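Take a look at the structures below.
There are two complexes below, and they share subunit A, which is joined by subunit B in the first and by subunit C in the second.
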Partner chain A sequence: MTMKRRRAVFIAACLLPGLLLFALFKIYPTVQVFHKSFYQWNGIGDKPVFIGLDNFVEMFQDDTFLLALRNTGFLMLIVPIVTIAIALINASILTRSKLKEKSLYRTVFFFPSILSFVVIAILWSFIYHPTIGFLNSGLEFIGLGEYAMSWLGDQRTVLWALAVTLIWQAAGYYMVMYMAGIDGISPDFYEAASLDGATRLQQFMYITVPMLWEIIRITIIFSINGVLSISFVVVSIMTAGGPDRHSEVALTYLYAQAFTNSNFGYAMAMALFIFVISMLLAFLSNRMTGKEAN
Partner chain B sequence: MKRNKGVKLVLALAVLASLLAGCGGNNGNNGNKGESETPAEQTGANSSNGDEAGSKSFANPQLEVAVFQGGYGREYWDAVAESFMQDHPGTKINITASPKIGDLVRPKIVAGNPPDFMYIAGGDNTPVLNGLIKDNALLDLTDVFTEAGEDGAALKDKILPGILESPAIAPHGDGKIYLAPYNFGVMGLWYNKALFDAKSLASPKTWDEFFAMNGAAKENGRALFTYQGMYPGYLEEIIVPAIYNVGGQEALDQFFNYDPEFWKSDTFKQAFGILERIASEENALMKGTVALNHTQSQTEFLQGKAMFIPNGSWFEDEMKDAPREDGFQYGFLGVPSLDPAKPVTALTSVEQMVIPAKAKNPELAKAFLKYLYTEKSITLNGEKAKGVLAVKGAPDLVKAYLGDTTYNVYKAVDSGMGTVNGTFKIVAKGSKYIPADEVYKPLSSIINKQMTLDEYAEKLYKIYADIQEELKASAE
Partner chain C sequence: MASIPGAFKPAKRSAGAIIGIWLLRLFLIAQAVIVLYPLIWNVLASLKTNQEVLESPWTLPSSLQWGNFVAAFTSARMGDYMLNSVLVVILSMAILLVAAVPTAYVLGRMRFFGRGFLTNLYMAGLFIGGVYIVVPLFIMMNELGMLDNRFWLSAVYAGGILPFSVYLLTGFMKAIPHDYEEAAMIDGCGYFGTLFRIIMPMARPGITTVIIFAFFDFWNEYVLASTLIASDAKKTIPVGLSNLMQIQKFATDWGSLFAGLVIVLVPTVFIYVLLQKRLTQGMMMGGVKG
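Right after this comes the complex of A and B.
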């Protein structure tokens, strides 16, 4: 009894600092965000004025916010799907095939994950550079010069260009997670399947994917949330939301409202909305994938 | 049972206390160190050689000064504070300088304990100023500029013409000065002077002459024009002088004070038509411009990929490490005129210094502010910051410290080249509109030929009407 008690006290004492910091730096600010979203407040000297739901009403009449939301939605849809598909395929090829340079590829694909987002964004803004960029020079080199364009300067291509950067950044990370998962699948399954004449593709579809399903479910949520936060860095550096706001994402617009326009209340309303949306998405994807797994 | 709960609580409290003490202690120490160490030394040096001559004493001799530490550095502020303390013995100035000065002063302002004097600049920091303006939380500085100084002349007569009337200085449009002008910048088009001299090209005086140079540009293997594509806000350096050129101050007021009718005016069509022309004429716009950030486009310009680029008097210093074509020499042209009868014009801007309304020592802050406009301080500013105060004759006072190019830019404006300045009127509190973004960001689409001038005008008409309505509503 006393032993148990002392253990509990010790555990509590160990947990406390962490919990305290968590409460101070995560929970308290989040509560503040919710609270301030009902106020008109410039974040500087004035007394916040309670304005009820006005910020939220305004938000849905704000064309820029809706455009930013649409852009974010596009990225949240495309990036996780493609990232996870590429990561899965790469993981499966690297683990299931007898490639000698396996570990080299693993390192190379994982490499972007250890670079900072800022470095990645600067790197890609030079890859897309319209005149000296690797992409356009490459196209010209293989005789497709007519397809060279200013990828980040055109509203038709800018989001796709950003999506490619985000996918490149994340695919290696998820690949390593999947590889660890695949290593945990008993080789007997694959052996049995191949004895029964299952092709590589069938093995992938009916063994690898189902066995990894729990990991995939989690990575979908990770990826959706990752897009939300990483897109802020990438957009700020690579396009500043341009051209003409066609790559503005929710968080860059939120930032501009809070820190350029000193419109904190409004920005907090957006933050609350984005919070709800991402919770909802996580929940939804969990539900959907959960059912399929059964 | 009870005892255990008690132990838990005590433990929890102990951990909490130690944490908080840790945080608080550290913060306190850091804050004090940064602020007090240097001034303490300075006052020490001061009291020994201070003389009483010509200085009145201040009820409160402490002054808290917060300054932006950007391209101009902090050396000037340290030097001028020391000089002020020598001339006013017994006073003590504490200087806090940071590139993120906005983040540093924001919590102090929120807590109702702002510094006595602030110089705030840089995109990350100026929103703090805008917030203070919207809140009417700045001290009225009009008397500093209108009352007669020691030599009998009012300070306002020493400041460059037009500056004190501009909305950057008198933001509420009632002529009252809430922001004091500091360094003064000049913006316009730049070219490679070496190239122009070698090919005996004359810099264009009108936009027609500008476009006529497209042939020469092509011959020299470059596009006519580029700009900082990712940040279309740089195009104001062309747009604002063009509006002023065609429609005069009246049109400019319409533009900056949100008169929706501006977007239906002929002035709008002519001024913004320049961009449409740049977008549509062959070889006029450097390929890929819209996707480039400021450093990338400026580097392309230095390397001879484009003939002209808009930028400000900081250009030479900003790009000092960038690669460039052989023999490159900076040439500043201003902005060509649409009307051949009118002069080439440059856009000017001025940095701002303020005294918060809640400052604890406004009297000393005002004295310090006046001191900044003395010849001694202007020279120090040139020497330590390579800056030019918005004071008549300042370029000549600091000539020795400026690069030739930079000096010539200021001199051009001092002698003959027209100048224009202006800022958007502050929008209503809580407005979602960021006027500069609303106006300049869509220009990318015009340059990309994905939006026509008419569509643009229609869009902006609505936005201006909206902003006006919000302003009216908030005034009631």
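Right after this comes the complex of A and C.
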């Protein structure tokens, strides 16, 4: 009996610190997001007023929010596809070829994924800088000076410029994941394929990609979620949503609504909406890629 | 090489292979340059005068401007920010380990009512990123008087990475054979003794992996730090840097900004080079194979 009690006390003591942290800094705020998104709440001292679904209705009449949503959608579409493609190609080159220095490439390519987003955002602001940036001066150097432009200041290029930054940041991370996966594929498959005369490209398309499909599916979801949160830091430092809101993303707009305009209820409704959308996207991509594999 | 006559068939084939390898190599080197050049440029720019930074991004500094680093530490307060960052990383790590290791142990190795539910609850926590809940977190911490406080910021960090850490550590805990605990119990080692003296040393690879991931997460975090800390004296390095960036946009005194960036990069590079292998291995365990 005392043994049993001692065991119960031990279990409780082990779980308590974690549960306290988790409840206070994760569960409670999450519950608040769900709850307060149905309230109008304009500032710390203000009393929240229940307004039902009004926040959600307002969202779809808010042009800036819709633009931010479109920009986010653009990044969520382009960045994962290109990142995963580059990562897959590099991973299969590094695992399937006999280059002596391949571990060096792995070390270098993975490096951006441990850098602070702030550092990355500042560095890339200077790459794109209209006067001192080395993208423009590089273009001039190779005689394409006429294409030099203010990459972050032009609404036609700003999202692409941000997308490149996000891809630069993440490609090495997924590459390492795929390399682990490829290491797990039996070399017999490749041997048999090359005996049958399959080219490297065919081996990539018909062995590597199908065998990695489960990992690819997971990384698509990782990448979609990653874009959502990293774009927040990158946009707030590199463009602040400019020019003229053309690089505003959902989370920067939400943040500004909360902390600049004190529209707490509205901001939480947006958070809930974006959360649900990203969950739906994850579910959808899972369903789509799952069918393709069958 | 291509002009070798057809009589040397094997040589010709290997010439093709060599060209292929060099094409691949060129492709990889080009990418390596794209990854590394911004960082090299940053180091060079941190040693240049303003004038040189403005002139060309390709030249070497004519003389090394160590004064930029002095300015970064003094007028730009990088030293203070760095101390804050170190403090927050240490605090967060301590809180995280106190919370995560026992939780993972109990969830991974003991059977009790509610275990499945708790495991799923932590799993669900994996999907709730900091940016979604930053608004209610700010309001709650304001009400509880927890804002502008490095300890509570650390607690938020620890809570943020807790689900991932529990998830990763539980896997490690499950892999330890049960015989060890039974033997320890028979030897009169209590529950806590077993955890600290038997299990923790055995789970060390897992704990190290968690520490490495948590380090990068804490050291680089920006959104929460910029929201939950208000006074300049308590800011961490990423926030300090982004402030510096906003100021330098108008002041165009680039030197100390670039020096500041280098100051942030150095510990990251150092730890990365030291732990690179374990990091990529850990990523495979935590990220994919579970």
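Following the convention adopted for this analysis, the second predicted complex is superposed on the first by the 274 of 294 C-alpha atoms of A that agree within 3 Å, B and C clash if a C-alpha of one lies under 4 Å from a C-alpha of the other, contacts with A are read in each partner's own complex, and residues count from 1 in each chain.
Assume a residue touches a chain if its C-beta (ideal position, glycine included) is under 8 Å from a C-beta of that chain, and two chains touch if they have at least 3 such contacts.
What you are looking at is a predicted structure, and each value in this text was computed from that prediction instead of being measured.
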Looking at the combined model built on subunit A, do subunit B and subunit C fit side by side or clash? clash
May I ask you to decide whether A:I218 touches subunit B, subunit C, both, or neither, giving the answer as first, second, both or neither? second
First (subunit B), second (subunit C), both or neither touched by A:S262: first
In the superposed arrangement, which partner chain does A:S229 touch: subunit B (first), subunit C (second), both, or neither? second
A:F111 in the overlay: touching subunit B, subunit C, both, or neither? Say first, second, both or neither. second
Look at the residues of subunit A and decide whether subunit B or subunit C touches more of them. C
For A:T30, decide between first (touching subunit B), second (touching subunit C), both and neither. second
Looking at the overlay, what does A:D62 touch: subunit B (first), subunit C (second), both, or neither? first
May I ask you to decide whether A:T239 touches subunit B, subunit C, both, or neither, giving the answer as first, second, both or neither? first
Between subunit B and subunit C, whom does A:S97 touch in the aligned arrangement: first, second, both, or neither? second
Output check: A:I11 vs subunit B and subunit C. Expected answer is one of first, second, both, neither. What do you get? second
Residues on subunit A lying within both footprints (that of subunit B and that of subunit C): 13, 17, 20-21, 44, 125, 131, 259
Show which residues of subunit C lie in contact with subunit A when the two form their complex. 21, 24-25, 27-28, 31-32, 34-39, 41-42, 45, 53-54, 56-58, 95, 98-100, 102-103, 105-106, 110, 112, 118, 121-122, 125, 127-140, 142, 155-156, 158-160, 162-163, 166, 190-192, 195, 216, 219-220, 222-223, 227, 237-239, 241-242, 245, 254, 257, 261, 264-265, 268, 272, 276, 279-280, 283-284, 287-289
Residue ranges of subunit A touching subunit B (in the complex, touch as defined): 5, 9, 12-13, 16-17, 20-21, 40, 42-46, 51, 58, 62, 64-65, 125, 128-131, 150-155, 239-245, 256-257, 259-263, 265-266
State the interface residues of subunit B toward subunit A in the complex, per the touch definition above. 4, 7-8, 11-12, 15-16, 19, 106, 109-110, 112, 114, 123-124, 127-128, 130-132, 134-135, 137, 229-232, 287-293, 296, 300, 305, 358, 429-434, 437, 441-445, 448, 450-451
Interface residues, subunit A side, partner subunit C - complex: 6-8, 10-11, 13-15, 17-22, 24-30, 32-33, 36, 44, 90, 93-94, 97-99, 105-112, 114-119, 121-127, 131-134, 137, 141, 168, 172-173, 176-177, 180-181, 215, 218, 222, 225, 228-229, 232-233, 237, 251, 254-255, 258-259, 264, 267-268, 271, 274-275, 279
